Each structure stands twice: as structure tokens, then as C-alpha cells.
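So that you can tell them apart, the chains are marked A, B and C in the order they are listed, and the count of residues begins at 1 in each.
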């Protein structure tokens, strides 16, 4: 199988449209499969256990088909437009949010060659397209012609803009250390760099960029509008914020986008801080293969999946433990705590980069 | 000013209540003739019926001079006997002796509660002094004895007790009594276009008219009395209290 | 014009009219936000019309009555024993506590007193109703602030108490167990030991809430200094229960006026907090649950033997008179002003429910707060809609 992928013959006879279709299918799998997995594993089961209940048990063995049931339920529902909604914008908003999720996924490398696009400015691209969802959320909030949605949309806009900055600044430390904006190269850097001459586990940036990693996680939690930063949704205040008026399929798209984006950000976090698809060098040395041997194209996605599950576990753990901030407290936290800290992180990283 | 005092119901309770008597005296010296009637139950409670003209001032005095800081509630009573009867007379009740005609007539003629009352509507309010832990029930007659039921009004308490706001709104919609100086007198519970004042006695309770009182059919037997109560003597039979823990096998228990 | 666009136009007109109505109600321009009558934070059908400037509340006006059941009117055409069935539904989380003041008022008018055993068991059930009520508050406060997990623990641990209430009375939520002159039944065998065991869950639950919410920085940031009620304002608005104790007023009817209940036989403490903010209200209620556990534990050890019913005529007729009895219910002071003209049914029952007065402060308290704080304040004042609307 790997041999087949490795031959030039295969790639030359592979028509361009087949490649496109292959990538498209893989993109959908890469986005939806982990989303389904985390929703079932964490949202349905882990959280249920944390809350001393069983979670779904009826659909399929141990409730494993619950997600399909949810999808089926939502697909059957009437597609309701509020009376005074701006119908076009209202209908488009979920697609824009979902689009941001898929755009985010395209730069994530899953193996030495298993990438959708290998952009030189991958980090930059990822952080840029992640903000596209703000537009979708604002559109949803505005077009719903509901005051709750409007408030939710406005809160989301304010919040996502405030947390874009710490998110970017937290990643800048990684970029400085790796010396590149290319996500694939960042993975390479983490695998190939050594910690004071000891290279058995490479140099996953979580070790040197611990502060950046924590800021990244906090900012991602805010980007995802999850507790403790879920004011745009805020069930007890704004009912469901910008999603209040959505039902059926369109709600489902928001739902998918919400959880898929969580996974994609976890993928991004894994790539930036946990060494991406690569395994520690001592393992590949043990097996006697190169760290970027073609087999990693198959192993890589599973390595990523593992790391992603680890990070999403933290997301959901926090999500179901903490109360939520108030809007002004969140802004204060972003501007007065996270941004100075991340700037400090950049300065320290830069100094160390020059010194060593 | 007439005073009535009922003897304390329990032997343990003090027969005289110096604190409340002192309070009564203080209020009496402040308001003089405005106090129409009082009623004191030692160790329990004090009722004062006050001239409606002095109603608003009473709140000021009680709150600021007597430290009755806690506003408990404000409501009204419609003393008119219900024109729909008691809605509780049925043939069954007459059979079991729950109702007899004389008593019902007596009930119709019964007075207007502690501290009396001269008019159909009476406003009742209760305030507390938390330092002495005294409660005080105030009453005031509303309107003349034969005033039209539409032109009832009395001074508001909201200037002293802002909490009276909602209570007065409730009285306004339930009894049609308006409060002079109330900041926003509108209906509290009912829709704005609701007609009538539900808690007035002449407002029919439709549910009871549609489906009349079935009579006391659910007299609950005492745990220690397995036999059915005899209907004729039921009225004045005192149930024998169980001497020890009642038996659980009692079939009547499970009903 | 097709039928579809007709319908849309009608819907549009209806929506416009609804908006206009809301604006007229407040006689205000600008954005009015209708919080409720169907809103997750209103525990039922309370509606708060808030005029907003951005997210700041300029004016808030609670509108009630969506659940008004007219108990005061209904009670006038029911016999005294039947009234307890109605008033069970006032504060539906602590139902037994609703019955007690009414029964005590009727007993006061009839000049009878329940035997000590009945009083004792009443107090136990009263406190268990308080635990069942306040544990839900302790968890629910988390939900209102965005932490969904605590409420599941609340439901889980509260279940033990409800089971015990059910074992003793036959009703989980609406026991209807109190009778004029005593209680319907004696306690079942083995109940005391089981109840003691179930109280252990509540103690653990309180510690859990201490860890999950009290110690949480976000929780403190969201509740400290939010919705501060000065003691004097609280009293003049008629706030009671934990709401005034959180403002530093050391007043608890259980200690200060334990009519017909056995609180003077146990050793417990009234907790107060000087701050008067949402955090204080939460904290005081948490301590109150702990005290309730203590009270029940002590009472369970000292249940006197004897009858559970006093000598009461089979058909209850209450002599002419007036009585007002209030008790310290889970939500605050609840009292019944019973006017009897001597007969089967009360002539007038004024129900003084705690939430009604507690909520009457909201127009004053919500002015100038932010929408998230509105939720915090409403949650911390803790109302049950049935207790407002009666």
C-alpha cells in the first residue's frame, strides 16, 4: 500500500480530478469523523459520567448510534425562518461558519505527504481563516431578527476579536522557535531539534512554550465560545445566543461547526505544540525507519487523532466544570492578562533564540 | 377608641404583654383619635384599626419612630357575605351534620374580625420590628359604609415601604382599591383588559358554579379508627388520639 | 398576492404589534428585551421586560401572572383540610414547608396544639423540605452562571432526601401530610436510620459545592459585588430568609419565633453574611443546608414517643377569629393570614409568600446592571414561580 503511494507511476497516472475527489473525501472524513468521535466520547459519555449520569444508552450498543439519531432528528425538523429574518443571510450564516472550519482544516499536516495544501504561511492562514466564523456568527445574529441573537452575535464579535490577538501572539513564540510559518516545517523542527543535545523525544514546543501553550488553549476556548467564554451562546442568559432562532438542518450545521472546529483547533494545537503527526525520534529509531518515512502517512493521522483527543479532553473538561465569565471580565482578561503575558512570552523566546 | 382583649389561648403564654401594651400606648399617644379600635392577644399579636385618613402617616411613624423596618405584607378583606352562599352547602353535608342552617346563618352575621370594621372593604397590613421581634397588624376601613365599590381609595405606603408597591398593585386589581400616590398603579397578575376584581366576594368563582361542592365526602378516618364514621354523630365526635404508634396494618390507612 | 406571503405579512404585523405593545408597556424607546415568559433563567413563566442600553439595563419591570392560580380565592370555598392540597403547590420544591404555617394558623384559631411527637416530626420534615429546596438552588446557581455540572449533583443527592420524604409521607413533591392537630401518619419503621444515611449525601454535596463553586475564581468574579442589597432596603422591600441574612440581618423565625415547631430543642446556628451580594446569598444558603442537616440529625435522635394526633373533631370547623402565623420557609418568610367566620371554610386567606416580596426588589436592584448580572441576581434572590404567582 505504501509502496503504491510512493511510486511515481501512481501519482502520474492519478488524474487531477481523482486527486481532488480524494482530498475532498479525506477533508470531510478529517473534519466529521473526529467531530463525531469527540461528540460521542466526550460530550455524550465522558461528560455524562462526570455529571453522574449514564448519557445516551438506547441508540445502538451503549448509545453509540446516538449521534446518528441526533442527525436524523435534526434533518427531519422543519426549517423555520423567523418572520422578520433576512432570509438570504439567515440561510447562509451556517455555511459561512462551517466553511471556516473546513478552511482551517486544509493546512493541517497529517503526515509527511498527507497534507491538503502545504502552505508556506500555514500558521498565518490558519489563524486568518479561523476568524471567518465571526462573520458567520454575526450574520446569524443579525439576520435572525431576534434580540437575543443580536446580543449573542455582538458578544461573539467582541469576544472573537479580543481573543484573536492572544491566539496569534501565543503562536508567534512557536514561529520564532521553529523559524518558519509552515506547519509542516514546524513539525519537522519539533522532531529534529534537540533539548540541550538530547534528541530522544525531539523538542515538542509544549516544553519550551508552556506559557504559549496555556495561552493558546485559553484563547482557543474563547474562539470556540465554550465555557468559561460561552457568552455568545449563554443558555441561561441569551437562551442560545446567535443560534436561538435556528432549527433543523441549519442548527445541525452550527452544531457540527462548533464541535468540528474544536477538533481542528486541537489538531492545530497538536501540530504547533505536541509535535504534530510525528512520533518521538527514539521510537522511529527503535523501529529503524526514518522519522518521515512514507509509513507515517498512514500512522500520522492516528498520532494526530490521539493528540487531538488529548487536547479536546481538556476542552470539554473545562467546558463542563467552570462557570462563565461576564463579557467585560472576559475583555479585561484578554487585554490585561493574556496579551501582556503572550508579549512577554514572545520577548523571552526571542531573547533565547538570539542567545542560543 | 375601644379595646378588646382575648385571653391567651395557652396557659404557658403570659397573660399580660407589656411590650405590646407599651407599643399600643405609644401609638395611641401619637395618633389619638385616629385609632378606632385595637385588639391584643397577649404574647401573640396586636391588631390596630386606624382611621383611613391617617393610614399613610402610620407607615411613616411606624417605620421611622418605632423601627418597624420590615414590611411584611399588605392586603384587603371584603367583609360582605358572598352572594353565592358559601358555595359549600350540599345535601351530603347536611346529612353528616357538617352544616346546619343555624350555624350558617350565624356565620353570615358574624362580625368583621378583630378590631372590628365598619365598611365592606378593609385594608390589612403587617409590619415587623426586628429588634423587639414584634409584629403588628394594621387595619383601615375603606370608603363609607355605602360607598360605591368603584371609588375606593386610600393613601399609599410606597413612600415608606417600597415593597408595598406590588402588594398595593395586587390589592388594586383584586379588590379595585386604588392607592393615592402610588407610582405605577396597574394590574399585577391579570391581563390589562380583565374586567372585575376577583377577590371580591361578589365575583363568582366559576369553577365552583359549574361544578358545585360535592359535600364532605372525604372525611378522613383517624388511624386508630378502623370503622367508618357514623354519619349522624360525626359532627361532634372527637377522634380518639392514638396512645402509641399506630398499627400499620390498619386498612383505612392505605386509602 | 399568494397565501404564503399573506401569512408572512400577518406574522410580520403580529410581530410589530407585539413589539409596540412591549414599548407601550414601558413607555420607552430603545431596545426592550423580553426576558421570559419562556426563558431558561426564569424557572417557569416569569417575564422581565428590560430596557437596555447596549447590555446595560436602564429599567426592568417584572411581569407576573402567567401562573397565577388564584389560591386565595380557591381557599375560600374549600374546607381547611382541603386547603393544604392547594398550598402544597405554592413553593413546589419545599412543599411540606408550605403546609405548616397554614396548619399552625388553623390550630391557633381552633386553640389546639399538636402533640410533641407530631411537632417533632413536622420539624424534621420541614427541614427536609428545606434541604430538598435549597440543594437545588445550590446546583442551579451554577447553571445560571454557566457551570452545568453542579445541578446534576444537586439532583442526584436531593433524590435521597426526596425518597425519605416519600417514604414518610407518600409524596415526593406534594406530601399533603400535615393535618390540623398533628400528622396523617406516623413514621415508617427504619425511617430514622435511612434518613440519617441520606443526610450524609447532603453533607458531601455541600462540601462538593464548596469546592466547585465557592472556591472558583470565576464564580466569585461573577457574584461578588453583584446585586448588593443594603439591609435597610431589603427590609423595607420585605425581603426575608437568606436574602436578608446575606445582608447582615440576624433574623430567623426558626430561632426567634418557633411557634409549634421543635427548633428550640436543638443546637444550631443562624448564619449571616455582611456583604449583601449574590455571593453572600449563595454562601448563606449553603451554610443553611448544613445547619438543616445538623438540625435533622439532632431531631432524629430525640423523637419523643406519644400520639401523632391531638383530639380533633372529625369535621373541622374553625371558630371565628383571625390568625397570622409565619414560618421560616426555604425561600423566606411564609405566612398565612386566616380569617375565619366560624365554619368549614376560611373566609379569607392571605398568603404571604416569600418569593413575591423577594422579587419585588428587582426593579430597584436590576437598574444599571448588565444582562448577565440580571441572571445572577435573579438566581441568587432565588424565587419559585409558584411562590410569586400563588
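One rule holds for everything that comes next: contacts are C-beta pairs under 8 Å (C-beta built on N, C-alpha and C of every residue); 3 or more make two chains touch, one makes a residue touch a chain.
None of these values were measured; they are calculated from a predicted model.
Chain-to-chain contact here is organised linearly: an open path runs through the chains from one end to the other. Counting C-beta pairs in contact across A-C and across B-C shows that the higher total falls to B-C. Here the CA centre of chain A is 65 Å from the CA centre of chain B.
Chain centres here are Cα means. That of chain A falls 44 Å from that of chain C. Averaging C-alpha coordinates per chain places the centre of chain B 22 Å away from that of chain C. In chain A, no residue reaches two or more other chains under the touch definition.
In chain C, no residue touches at least two other chains. Listing the residues of chain A that touch chain C in their complex gives 50-53, 83-84, 147-148, 151, 227-228, 230-231, 234-239, 320-329.
Residue ranges of chain B in contact with chain C, taken from their complex: 9-10, 44-45, 47, 63, 69-73, 75, 77-78, 82, 86-88, 93, 96-99, 103-104, 106-107, 110-111, 113-114, 124, 126, 130, 133, 135, 137, 160-163, 165-167, 174, 187-191, 198-199, 203, 205, 207-208, 213, 216, 218-220, 222-223, 229, 234-246, 248, 253.
In the complex of the two chains, the chain C residues touching chain B come out as 64-65, 68, 70, 72-74, 76-77, 79, 81-82, 108, 111, 113, 115, 179, 182, 184-186, 188-189, 232-233, 235-240, 249, 251, 256-257, 305-315, 317, 320-324, 326, 333, 335, 337, 339, 341-345, 348, 350, 352, 356-357, 360-361, 364, 389. The residues of chain C lying in touch with chain A in their complex are 8, 11-12, 14-15, 31, 33-34, 39-41, 55, 142-149, 152-153, 156, 212-213, 216, 218-219, 221-222, 370-375, 379.
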